[in-house]
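The letters A, B and C name the chains in turn, as written, and every chain counts its residues from 1.
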Amino acid sequence: MADVIALFLDTLSFTLTLLLVTLGLVVIFGMMNVINMAHGEFFLLGAYVVVVVTGAGGSFWLALVLAPLVLAFIGFALEWLVIRHIYHRFIDTILATWGISIALKQAITIMFGPGLQSVPNPLPGTIDLAGIEYPLYRLFIMAMGLLLAAGTYLVFFRTPIGLTARGVIANRAMSASLGINTRRLDWATFAFGAALAGFAGAVMAPIMSVDPQMGVGFLVPSFLAVLVGGVNSLVGALLGSALIGGTSTGLSAYLSQADTQILVFLLAMMVIRFFPNGLTGGKR
Amino acid sequence: MWFAHGRLLTVLAWVALFILPLVLSDWNAALFAQYVTYGIFALSLALIWGGAGILSFGQAIFFGLGACSMALVTLGKLPLLGDSAWVGLLLALIIPTLAAAVLGWILFQGRALAGAQLGIVTLCAAFVAEIAARRWDFVGGFNGLFGIPPMTGLDGDILSGFATSYVVLGAALLSYLIALAVLRSPLGTVLAAIRNNESRTAHFGYDVRLYKIFVFALSGALAGLAGALFALQFGFVSPTLIGFGLSTEALIWVAVGGRGVLMAAFLGALIVRSSESVLSSALDQYWLLALGIVFVATVVFAPQGLLGNVLRLPSPRRFATPKKLEEKSRSVGQVEPDAK
Amino acid sequence: MESLQSRRTSDASRDPTSAVDAGNTVEQAIRMYAMTAQRAENNESRQPPALEVVGVSKSFGGLVVLDGLTFELERGAMTCILGPNGCGKTTLFNLITGALPPDDGEIRIRGVSVGGLPPHLISRKGVVRKFQVPGIYPELTVAENLEVPLVAGGPGNGPIRLLFGGAGAKANAERRNELLELCGLSRKFDTPVANLAHGERQRLEIAMLLARDSDLLLLDEPTAGMSAAETRAVAELVVRLRDEHGKAVLVIEHDMAFVRELGCPIIVMVRGRVIASGSYQTVSRDPAVIASYLGKAR
């Protein structure tokens, strides 16, 4: 029984972190029609902000606040420098963001070296949960994940700006002709998506190995989550993250890490084969 | 007439390539041969990407399969097939072709995946392929296969760098001509039509999926050829070959060179690769950063590539209209002359 | 000479079943006789119509777009479909060409049921469609654009066959040159279509339809954005395609002048159903049509 609870909790934490990254991707894609291949690097940068801040003696909590801010700025800068030139060239956005990811990853490697960085766990210790000892920090991660996901959904579905944003997702041209400043929304969106990923990276830093390659490890599952859930749908992001996160964690209890990844990929492929627009059909 | 330069320059480029080994030291000639091998790989990518609009982040899967096939045979791991490099070559052509056909069959199904989704799926496929290769001990597991015997001449001696470069150049020229023949034939026109507007092309009566699978499989064969040549020259095959690292590098070569023109893509690989050797010792780790930035800049500001316009060939001859037809004046949309 | 005849034809005979034309040449009379005889022969030998749509329905989510639609198009005949936006006209075309499968009902092309087949197979049964949005290939040259539909109609159009030139390369080259002449773009065969003027692109598109050489033409708003002169010319061409080449033509249109020029039977669709059909005179006086169009009838 304890195993099941532990498994459930692990699944939840992975899913919620994946959701944070995936939400960022979906928001960027839904709003701007940009597939951001550099998203893994935004995640990575968030983790490195924590490395820098805690390395300089600052508190983890400070880093947690700074990370999304730094990433928002980077996102804004990249949107202005690169992305806005190539909106109409959809496929080229993939290439350009991929190039950005290479450059960012290399920049990190130059600045910090290719090795592992470690970040101290700000909430060490465990808590007694229904008979098992569960790490406190992981519970914190889940709480953060839930909070942010809920916050994002609230903003999108309950606020005027959220309504505007969804209008732009649904019909960009129409929104522009209604006077919505789609340009401003564009860089704001990209910055917001980057911030989400950066926050996720920062939150995960204490329990992951922080090195320049960690971005890809999250990029692939999060892409699969987007494809499975539906590229244009916020609810799809939730569904996809849950499915990928759940399957990954579940399988890794029985199989090796490598086998899990292979199997999850194959299962995702099968879903996409029958639902090319994801399980939510891409409408939203 | 601007385009006529393309043909001339292309021919000159090939001549220069064939002369080059004569003036290089043996060691440099061997290095050159390696770049040309990557050039063949770039050709395979340009064929599907520039030709049919299929953006694959996993082209190296077929490169790796080709390299692996060659390695398995020449290392004697497939006793039924002997250990001749020729058999290895054959296998290196067949296996990737089949794999590409199967992957294409899966990917190009029904309401086909949009270009972007295809890119992502192939990326994930490459990622997973590398993981799978690492786990499989038969193909060397984590370390890969090494000790692959190099190419030998008719006398049984190991080929010099000089000779190797000519073998590879020959293979490259052959690959180029095959890819060119495809793109300049009506098949190429239909592939371009698929790239522009897939639905319209299907409505004209073309089985679009079949076309995509065909060109995907052909490019798989070319990539496999490059992989086989790689194995013979480097002597080892590691799981990273099959992953998205090499795949995306090739995308950079082709994007920087020119995705729409085969020769430009081929030279793109040679140029980027040789620059890397020269510049990475000078710039060290900044090389990769610089490359990333150059890549982004090319995609944004020069999507046709740096060499695309210069090396573009004129239209195929079959399109030329006889001059005398231009003088007749019958046409739709104009008021027609009364007397005839 | 031919053009003058066809102009007279469209001027003189509003009603296509009338065999009497004022001041005709003998040749024209013979042609009209042949046409009537052909139709009689069709009816006699019961050759299946070019197109049959029987009880076809299609819904998207909760929205019913086509509701038990039924009509027929005989070989070598022409019909116009009129209707307000959103009444399902383009969806109907999508179903006929296989872009979407019908929810219910049957679609037959020359007697062969095609419901649910993919577009490329249906196309090979002899249908070509002009889309509402221009369907020319932006990155290709004029000659390349023509090659695509031209080679599609060959006995085999798979990749291997096309690699080696497709069936009848020489005949194709001749036909391509003919079509280039026809649309007045012989000199521009090598031009990328991005450099063509709007009118030239329209002509190229029509030439591409002709290149496909199908017996059933589906034209979705063929005169969209055209001037009055261009509209007339297209009307002439379409009538010629039916008269001289025996093609069956189904036209979706808004332009009443064009429809009148064509002088063919009309089907009026509203919300996925046929509410009236007949000649222009009949339909424009139909109270149901007047009610839906509110003053469009002239």
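The rule is short, and it goes like this: contacts are C-beta pairs under 8 Å (C-beta built on N, C-alpha and C of every residue); 3 or more make two chains touch, one makes a residue touch a chain.
As the structure is a prediction and not an experimental result, all values here were calculated from the model.
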Most remote chain, CA-based centroid, reference being chain C: A
Per-chain CA centroid nearest to the all-protein CA mean: B
Whole-Å separation of chain centres (CA-atom averages), chain B against chain C: 42
Rounded Å distance between chain A and chain C, as computed from the means of their C-alpha atoms: 50
Rounded Å distance between chain A and chain B, as computed from the means of their C-alpha atoms: 33
Shared-contact residues (touching 2 or more other chains) in chain C: none
Chain B to chain C touching residues, read off their complex: 181-182, 185-187, 189-190, 192-193, 195-197, 199-208, 210-211, 214-215, 315, 318-322, 325-326, 328-336, 338-340
For the chain C and chain B complex, residues of the former touching the latter: 1-4, 97, 99, 118-120, 123-124, 128-129, 131, 135, 137-141, 143-144, 147-149, 151-153, 157-160, 162-166, 169, 173, 176-177, 180-184, 186-187, 189-190, 199, 202-203, 206-207, 212, 229-230, 233-234, 237
List of chain B residues in touch with chain A within their complex: 55, 106, 109-113, 115-117, 119-121, 123-125, 127-128, 131-132, 134-135, 248, 251-252, 255, 285-286, 288-289, 291-293, 295-296, 299-301, 303
Chain B-facing residues of chain A, complex: 35, 82, 85-86, 89-92, 94-96, 98-104, 106-107, 109-110, 216, 220, 223-224, 226-227, 231, 256, 258-259, 261-262, 265-266, 268-269, 272-273, 276
